[in-house]
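Here's the structure we're looking at; comments come further down.
Order of writing sets the labels: A, B, C and D. Residues in every chain begin at 1.
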Amino acid sequence: MSKVLKEKVERVEKLAESIYKMTIKSEYITQKAVPGQFVNVKCSEGINALLRRPISICNVDVKNETLDIVFQIKGIGTEYLSQKRIGSQVDLIAPLGKPFDTSDNYKNIAVVGGGIGVFPLLYLLNKMNTAKKSTFLGFRNSNYAVLQDEFKEASDKLFISTDDGSEGYKGLITDILEKELESIKYDIIYTCGPTPMIKKVVDIAKKNNIKCQVSLEQRMGCGIGACLVCACKTGNNENWKYSHVCKDGPVFWSSEVIFDD
Amino acid sequence: MSKVLKEKVERVEKLAESIYKMTIKSEYITQKAVPGQFVNVKCSEGINALLRRPISICNVDVKNETLDIVFQIKGIGTEYLSQKRIGSQVDLIAPLGKPFDTSDNYKNIAVVGGGIGVFPLLYLLNKMNTAKKSTFLGFRNSNYAVLQDEFKEASDKLFISTDDGSEGYKGLITDILEKELESIKYDIIYTCGPTPMIKKVVDIAKKNNIKCQVSLEQRMGCGIGACLVCACKTGNNENWKYSHVCKDGPVFWSSEVIFDD
Amino acid sequence: MIDLSVDIKGLKLKNPVIAASGTFGFGREFKEYTNLDMIGGISVKGLTLEERQGNKPPRIAETPAGILNSVGLQNPGVKAFVKNEIPFLRKHDTKIIANIAGNTIEDYCKMAEILSDSDIDGIELNVSCPNVKKGCVAFGNTVAGISDITKKVRSFCKKPLIVKLTPNVTDIKEVAMAAESEGADAISLINTILGMAIDIHRRKPILANNMGGLSGPAVKPVAVRMVYEVSKSVSIPVIGMGGISNGDDAIEFMLAGASAVMVGTANFINPSACVDTAEGIKNYMKMHGFNNVYDLIGSLELN
Amino acid sequence: MIDLSVDIKGLKLKNPVIAASGTFGFGREFKEYTNLDMIGGISVKGLTLEERQGNKPPRIAETPAGILNSVGLQNPGVKAFVKNEIPFLRKHDTKIIANIAGNTIEDYCKMAEILSDSDIDGIELNVSCPNVKKGCVAFGNTVAGISDITKKVRSFCKKPLIVKLTPNVTDIKEVAMAAESEGADAISLINTILGMAIDIHRRKPILANNMGGLSGPAVKPVAVRMVYEVSKSVSIPVIGMGGISNGDDAIEFMLAGASAVMVGTANFINPSACVDTAEGIKNYMKMHGFNNVYDLIGSLELN
């Protein structure tokens, strides 16, 4: 069950140029949410940024009844969101979407994130308490490599790469994943990020015969499965259909998704 | 000369249910403004309340370089304006419009205001230092009868009426004006308020052969005389034209205006 | 007692607010968020004879105070609707309007036939969907097209027949009159206005389909004008929509002549927009001393 | 060096930004607030043969992300314009476009004749003003009407002739092609979309004229779509407008095929909107490595 909620903004922190973390007090969300889910938030009053914006849940603090969302300013919606004052109300529908499979059967997991796709993975890592966790994060450059302490804390092994080498390895994070796979076998790979990266991870998982879950993005209208705008192709090439990221996802098994749109 | 200005909000005070006073720091406006002029203010960022809203200058403190505007919440624009935070910036074009004639030759003046039309009259009263000043203010009820101390201070005689008698006289403020006129002769009457009231004042002035200035309202687009939307009829019935409240007014001689639209 | 009920030629609504087609799924998607029993009616996602997958994503773009969509009629087909969706909807105290779209007039007729035998309360002809290549758009923007389709579907349709008009025409009045004279029970309008939004950095349209239909607050003044024009031209009831988010917006349409209204895009932002709108209409009536919603409808005075 | 200059069939603009007719007065009203020498051109307030007082007030209503206006062509008449306004405008380094509207085709022809002998740089035919009872609206929304007026005015017009189209038509392409084939040098679009806003408490339209023309950000997606459609259908230059507030908005229109743009309603909110838009276009070109504005025009790729 998700709900329309008006919750209080507890903190807004600038993590990097154009990246913000917002801490929101919400008994309801902290009780109901599971990793992979998102909130659909009205970033501004009135008709400025008319639609709600989907943002992943990045962390949940059950004791303090707060959750964190972390977002990058891309356009007017995230811009307004970053300007919310502490103590003000934020209007969100949450928690939404199908979560990651966080079964205890996965003893050795790999988590691969790129860009703004890393945020839902922190919550996932924090929830997977019994597994051995290798985390692979790729960023454009060091300016975007936020939340490193939190990821380090949540992982057994943490690999970071940047396009320009300004932080961690220089190059694609999937290269490091492939290298690690030469010596380790994971039970599952979870991934979220830019489509080219996701495709690569899916290929790698397939080649290595590892289960894989992907978290997808698509422009949304309602966020609750009614308007059918957030389509993504699922099935196989002979028998495909359009599923919907907000309701059938955002998390899918990599084997379900067809990446040709 | 008026300018597009970004000025600082110094204070926002709620004077009554739905009526707010905003104090704005502005060296430029305090140096240039004269009574009867207005500011054209962007009440909200972005496309919420798209157009600027015209609000009269209610008072100017030259020493502190601040001006006051007082406004009633009527719709979304004034609603957003009332929510502006202290210390935030407000975007305005000011000062605009043709002012009242505040010549020293007027020794004995009457100032007649109704509803939100009273606000520009306070600035006028404060500027007319050498005249003897009788002020007549009409309100719907006592809830709307704001700024009484300021008006008392600025006037030699102050009359207040309300529709329901909850403050001052019960009835029309123009009735009191007429009664006063039985014993006093004013050099000029200044008036601002709802059209029926203004018409009545204009009639009274004419009958008593007293000069009269009216400050008019009309929905505006640009506020600077370019879009021609803020029309008001001027001239005489045989030879009239549409003048424009923002540029040719808001203050007109009562003899210029035709009230039949 | 304030009476909000309206009768659209046999389609009896307990209040004049209907969820607009394509924005409310099949109702069940909103059950968690709002009380379906408090909505006058639900116009379901546009149905086609066979299942359709719709257009490629992205299918939505935000524009100032509006959205463009290019869903392209993704739906399970009319038979699956009858089988899987009507039973759920019927459990609720709200009227079921089947919105239908076809590639050919025969498609429309077949669907009208199937649906006439099903447990629904009205049929809305979508002759104006801008998001599919061939088919329905062609019927909606000429007098000849609308006459033809209304006449033919009428002969198969045993339910109240609502013809939904496209705003993408020079003269909405003549199209509405054509639908009326061929037997429409009511007119609904407006469908979306054809538009385009460009991603200036990729130098491509945002929508994969390049163009899409504009809806939301931005279109309200155009919609109110067209509802006014149509309701002055026909004597059948008019259902108004386009940018309605609350009771005050709805009142504009009803003063302009709409007997009922539909709420679309607003559901995305506020899932209880339909219920709130009905509540808002009631409050307005209370404030202004109206007991019967019919006293309100069309009571606009011109200046 | 980034070259922003464009040549609209002899109307040479130093940058592609023109102030839209009716929103910029005769230029002088904006002198205090912006640098007129940095604007490509100014299309002056719509002129008629004789002075006109226009419609009753209120003449403006705000709507979501837009405005409705019903000025009704208040203007001093074409002769007063030539005498009193051209000398002021000529002192500035910007092009003067005379926007004209008439009750009859003869009016248009006479004005074109008078203006052809005056010191202006182009004539824009307003065949689409929705705010006057008889007259110009009739010419704009049919192929026959637009053909006729373009042909006749063309024979009197010795300046670059821009025909400004109304969006209130079913098919904007055919109207544009008609203007082109009768000799228009350029097409400008869109004029305002007919709309209505109601004061629900007075139960009357807000505008004294009841209806008015919608402009501002709300109309942008409709305008971009029409500019795209027209620029694919004609080979003369297209001047795009409708909801442009800044450089990014202008780029959408130019990618869609506009050789120049006009900025209207935005001037009311930001009196230097025209200059800011020109500046914004330049910044975009810099960021994306364009040296010549012509490389940008029409460079949209479809999905």
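FYI, a residue touches a chain if its C-beta (ideal position, glycine included) is under 8 Å from a C-beta of that chain, and two chains touch if they have at least 3 such contacts.
Every value quoted in this text rests on a predicted model; they were computed, and no experiment measured them.
Chains touching both subunit A and subunit D: B, C.
With respect to subunit B, maximal separation of chain centres occurs for A (centres as means of Cα atoms).
In terms of their C-alpha centroids, the spacing between subunit C and subunit D amounts to 34 Å. Averaging Cα coordinates per chain places subunit A and subunit C 36 Å apart.
Separating the CA-averaged centres of subunit A and subunit B is a span of 55 Å.
Counting partners per residue, subunit A has 47 as the residues that reach two or more other chains. Counting partner chains per residue, subunit C shows two or more touched chains at residues 56, 61, 64-66, 208, 216-217.
Chain contacts here close into one cycle, and each chain has exactly two touching partners.
If you check each pair of chains against the touch rule, the ones that pass are A-B, A-C, B-D, C-D. Contact residues of subunit D toward subunit B in the complex are 22-25, 29-30, 32-33, 45, 53-62, 64-67, 69, 71, 74, 206, 208, 216-217, 265, 267-272.
On the subunit D side of its complex with subunit C, the touching residues are 56, 61, 63-66, 68, 141-142, 168-170, 193-198, 200-201, 203-205, 207-211, 214, 216-222, 224-225, 228, 243, 248, 251-252, 255-256, 284, 288, 299-303. Subunit A meets subunit B in the complex at residues 44-48, 76.
Contact residues on subunit B toward subunit D in their complex (touch as defined above): 1-4, 42, 47, 49-52, 93, 218-232, 240-242, 247, 261.
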